[in-house]
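The structures come next, written out as structure tokens.
Presented sequentially are two complexes of subunit A, the first with subunit B as partner and the second with subunit C.
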Partner chain A sequence: MIAALLRQEVRALLRARRTRLAVGIVLYAVLGAPFLLAKPPPHVAEAAATWFSGDDPAFSLFLFIWTDLALNKLSAILGVVLAGGIIREEQARGLLPLLWAKPITRTEYYLVKLAAAAIVFTLLIGGAGLLGLALFPWQIAGFRAGPFLVVSGVHLVGALFAVTFSGALAVLIRRRLGAMLTSLMVLMLLVGGAFLGFYNPAWADYTVVNPFSHAVWLLGHLDDLSAATVVRPLLVLLAIHAATITLGALAVRRVEA
Partner chain B sequence: MSVLSPYVRAELRRALGPRHLALITLGAVIAVVDAALTPRLPTFALEFLRTSLRLDTMADLILVNDYLGQYIIVLFAGAFELLRVHVGPAESRELDLYLAKPIGRAHFLAARSAPALASTFVLGLALSVANALTLRLWLGDAALVPVLTAGAAITAFAVVLLAALNLAFLWLREVEHAVLLASAAAILPLLPTSVLIYRPDVFAGRDLSLAAAFPASLLWHGGVSPANAALALAGALGLASALIAVAAWRLDRKPDL
Partner chain C sequence: MTAAIELDALTKSFGDVLAVDRVSFTVPEGQVFGFMGHNGAGKTTAIRMLLGLTRPTSGAARVLGRDIVEDSLEVRRLSGFLPASYGLPRDMSALDFLVYVGAMFGLSRADATARARGLLDLFELGAVARKSLGGFSTGMAQKVGLAQALIGRPRVLFLDEPTSGLDPLGRHKFLTHIRGLARDEGTTVLFSTHILSDVESICERVAVMHHGRLIASGGLAELKATRRAASMDDLYLDLVQEAA
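What follows is the complex of A and B.
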């Protein structure tokens, strides 16, 4: 039953108007990124060489623009739009008494809704990566598919924090709009601080609390994208996700119909 | 006897609440953290910001982030307030109930929109004061008036953008869809700044307008004069009132709710 419910939730989200608008915004981000990279001024190229590792500063700059300007901002917004109203949406429509009467626990229902949001989020952000993989070799000089996929993949795992966090706040904060606004503000702050450890290496230790910093951590290790290097941010991010999902799953038990 | 109807007074009472105090506190915290961290950035990063955004002083480098924070907070706070006007009630199917009362559609829309925009207006001005005071505390000899006038210009711009969004929201019936639209509208004016940083060649040989790098452009050419700030505020109030009137007219003639 849970699998059927999940399929139905994913289908409903894919059909929603917000998802269609999100697809348009994602397309704009993918198509716009190469334009920004076409003629980088000397001080930008120098900054990329200083802040990020790798023997090809132009490619590092591309990954910076890709993860910071395109993916990070999109992730913060899409996370809130897909998961910021879960449970509360049904509550606003007066459906919770009916849903709580079904043979499914509140925690299970919350996890299904969160999983559906995460799947659609993955389709959108992962789809952006796959579209980029098809387009960028023709548009970006020196484009390398392997590092692009690895960096985008780890970023996607990190960016899913926008979904798990928004979902947790949705059930922790009683007012739906208040929860969504709080999620958006916090996620915007985290996205804004994602690269602080690169701008000033002395602050790198403080960014350990920011999931988006872990999501872009590989930009400082482009010379060594070994399995061990890639696993490190993934493990941290999975631990953060587990904690956030648990928090939401516990909080949903107290949501009144 | 009050000239305002009990319904309008009820809406006005709801306009300002503890949420606004929380948002002002958030803005003040951003201003303090920004003022504390920016001067500690390595020289290379500061030079990058100076060259990219065409700024001169340390105060400018601090203020550009304060202005960005103010714009984001004001715009999203206002957008979420405006969700109470039509989208929220339409989604939860409460609109018919509200309009079954002896309150006309146009009256209902104006009574909900105007206090929402007015509270956003107050929030923007309060954040301007918070930014000015924080900068004065940190840098000692920083002038207060240019920060207040730039803050007023940001508030004026945000209020007009929100009034336009309020009109667009009449076509939507899903809160998350409206949040996504508001996010796109919020980011749109910031895109030229990315172009200025990464593709300054696009602006080569042109006079840079105010829209070329909002909000950094508010710091160029000596900032915003008090006369221009007053003009912007007055113009914004007039334009926002006109847009509310158009939205009220539109709702009055909408065939379906």
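What follows is the complex of A and C.
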């Protein structure tokens, strides 16, 4: 039953107007990245050269622009767009009693909605990566597909926090707009602080609870993309996701139909 | 006569407000049972408890022998529900919405689609199955509402004020469908309404609520005879005036 419902939920979300808007944002981000790289702000170029290891500063700069200026901001917005109205949208329409009178628990319903949002988010961000993979070799000098995929893949796992967090706040905060704005503000703050550990290594400890810092952690280890290096941020991110999903799943039990 | 729904001193309070006060009655299987009372009488709260949408403060109830608290999922698997007011998802087509609800009952996509198409044809909505629900009239939306309540082939159907907002012809057709469900498929229907003529036209037995309390229950003809009421209006007014 859950699998069948998840399929229907993903279909419905893919056809929703807001997903079409999201596709437009993704295209804008992918197509805009090379333009940013063509003439990066001097402080960005300087930061990339100083912060990241690697024998190819130009490629590091590209990955910095791709993850920070494109993917990070994109993820924060998409997470809120896709998951920020979970449950509350149906509640506002008066549809919850009709749906929750079906043979499914509230927790199952919430998890299905969250999983559908995560799948569509993955399709969009993953699609952005694949589109980049097709376009960037022609546009970016010294582009390397392997590190690009590994960095983008780990970033995607981290960026899913935007979905799990927005979903949790949607059930924790009664008013839909309030929940969405709070999610967006917090996610933008986290995105803004993602590179704090690179900016000042002494502050790295403060970023331990920031999923976006773990999502971009590999940028500092481009010379050593071994399995152990890649697994480290993934484990931390999975733990953060588990905690956020559990929080939302517990909170949804208190929502009145 | 087997009981499809049994309420035993079912009670729900919200703080100091007693919404449903020790209500007990039995709904026989395969009948359309009128659940009457003015707005705010406690009908919706009672139905919400039966479907596990809100927990009873005290008392108990069973649907087809299943406890509504301990075995809520099974109760909901056997039930269909049409709430009093709801907004259908405007982005979805009628067919997609019914298939979505069908998935909640564990139907495969093929089964849910076949069942949804059958119901849409039954309610004369086959031609607009692929149209967005946002453009549906009140009557069409209500038919989709009834179709979603029937998609899991329920043995018990809870209808909360289902004819409010329908025009006379739409109401007549709707009531005909409900009567047919009980007669042809043996579905038990708990029909909550404050429209007395609807009750008179399709219900054999009724329960009457007033300010959270049950003030009468039994066979409609029997209640009328006991109260010497010529019409449903007379019966209802007599009961309410006595309870006030």
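FYI, the second predicted complex is superposed on the first by the 249 of 257 C-alpha atoms of A that agree within 3 Å, B and C clash if a C-alpha of one lies under 4 Å from a C-alpha of the other, contacts with A are read in each partner's own complex, and residues count from 1 in each chain.
As a working rule, contacts are C-beta pairs under 8 Å (C-beta built on N, C-alpha and C of every residue); 3 or more make two chains touch, one makes a residue touch a chain.
The structure displayed is predicted, hence computed values, not measured ones.
Q: I'd like to know which partner A:M188 touches here: subunit B for first, subunit C for second, both or neither.
A: first
Q: Please work out whether A:R93 is in contact with subunit B alone, subunit C alone, both, or neither, and reply first, second, both or neither.
A: The answer is both, since A:R93 touches subunit B and subunit C.
Q: Applying the touch criterion given at the start, work out whether A:I104 contacts subunit B, subunit C, both or neither, answering first, second, both or neither.
A: So A:I104 only meets subunit C here.
Q: When the two structures are overlaid on chain A, which partner does A:H43 contact: first (subunit B), second (subunit C), both, or neither?
A: After superposing on A, A:H43 lies in contact with subunit B but is clear of subunit C.
Q: Of the two partner chains, subunit B (first) and subunit C (second), which one does A:L21 touch, if any: first, second, both, or neither?
A: first
Q: Which holds for A:L82: it touches subunit B only (first), subunit C only (second), both, or neither?
A: Touch status of A:L82: first partner only.
Q: So, A:G146: does it touch subunit B (first), subunit C (second), both, or neither?
A: The answer is neither, since A:G146 touches no partner chain.
Q: Counting only touches as set out at the top, which of subunit B and subunit C does A:A12 meet: first, second, both, neither?
A: The answer is second: A:A12 touches subunit C but not subunit B.
Q: Using the touch criterion from the header, give the chain among subunit B and subunit C with more contacted residues in subunit A.
A: In the superposed model, B touches more residues of subunit A.
Q: So which bits of subunit A does subunit B touch that subunit C touches too?
A: Of subunit A, residues 16-17, 93-94 contact subunit B in one complex and subunit C in the other.
Q: How about subunit A: which of its residues touch subunit B in the complex?
A: Counting only subunit A, the residues touching subunit B are 16-18, 21-22, 25, 35-41, 43-44, 47, 50, 65, 69, 73, 77-78, 80-82, 84-85, 89, 92-94, 176-178, 180-181, 184-185, 188-189, 196, 199-200.
Q: Give the list of subunit A residues in touch with subunit C in this complex.
A: Within the complex, subunit A touches subunit C at residues 1, 4-5, 7-9, 11-12, 15-17, 93-95, 97-105, 256-257.
Q: Which subunit C residues qualify as touching subunit A in the complex?
A: For this pair, the touching residues of subunit C are 48, 51-54, 73-74, 76-77, 79, 81-83, 85-89, 91-92, 96, 99-101, 103-109, 112, 145, 148, 152, 158.
Q: Quick check: in the complex, which residue numbers of subunit B touch subunit A?
A: Residues 19, 26, 30, 37, 40-42, 44-45, 47-48, 51-52, 72-73, 76-77, 80, 83-84, 88, 91-93, 172, 174-177, 179-181, 183-184, 187, 194-195, 197-201.
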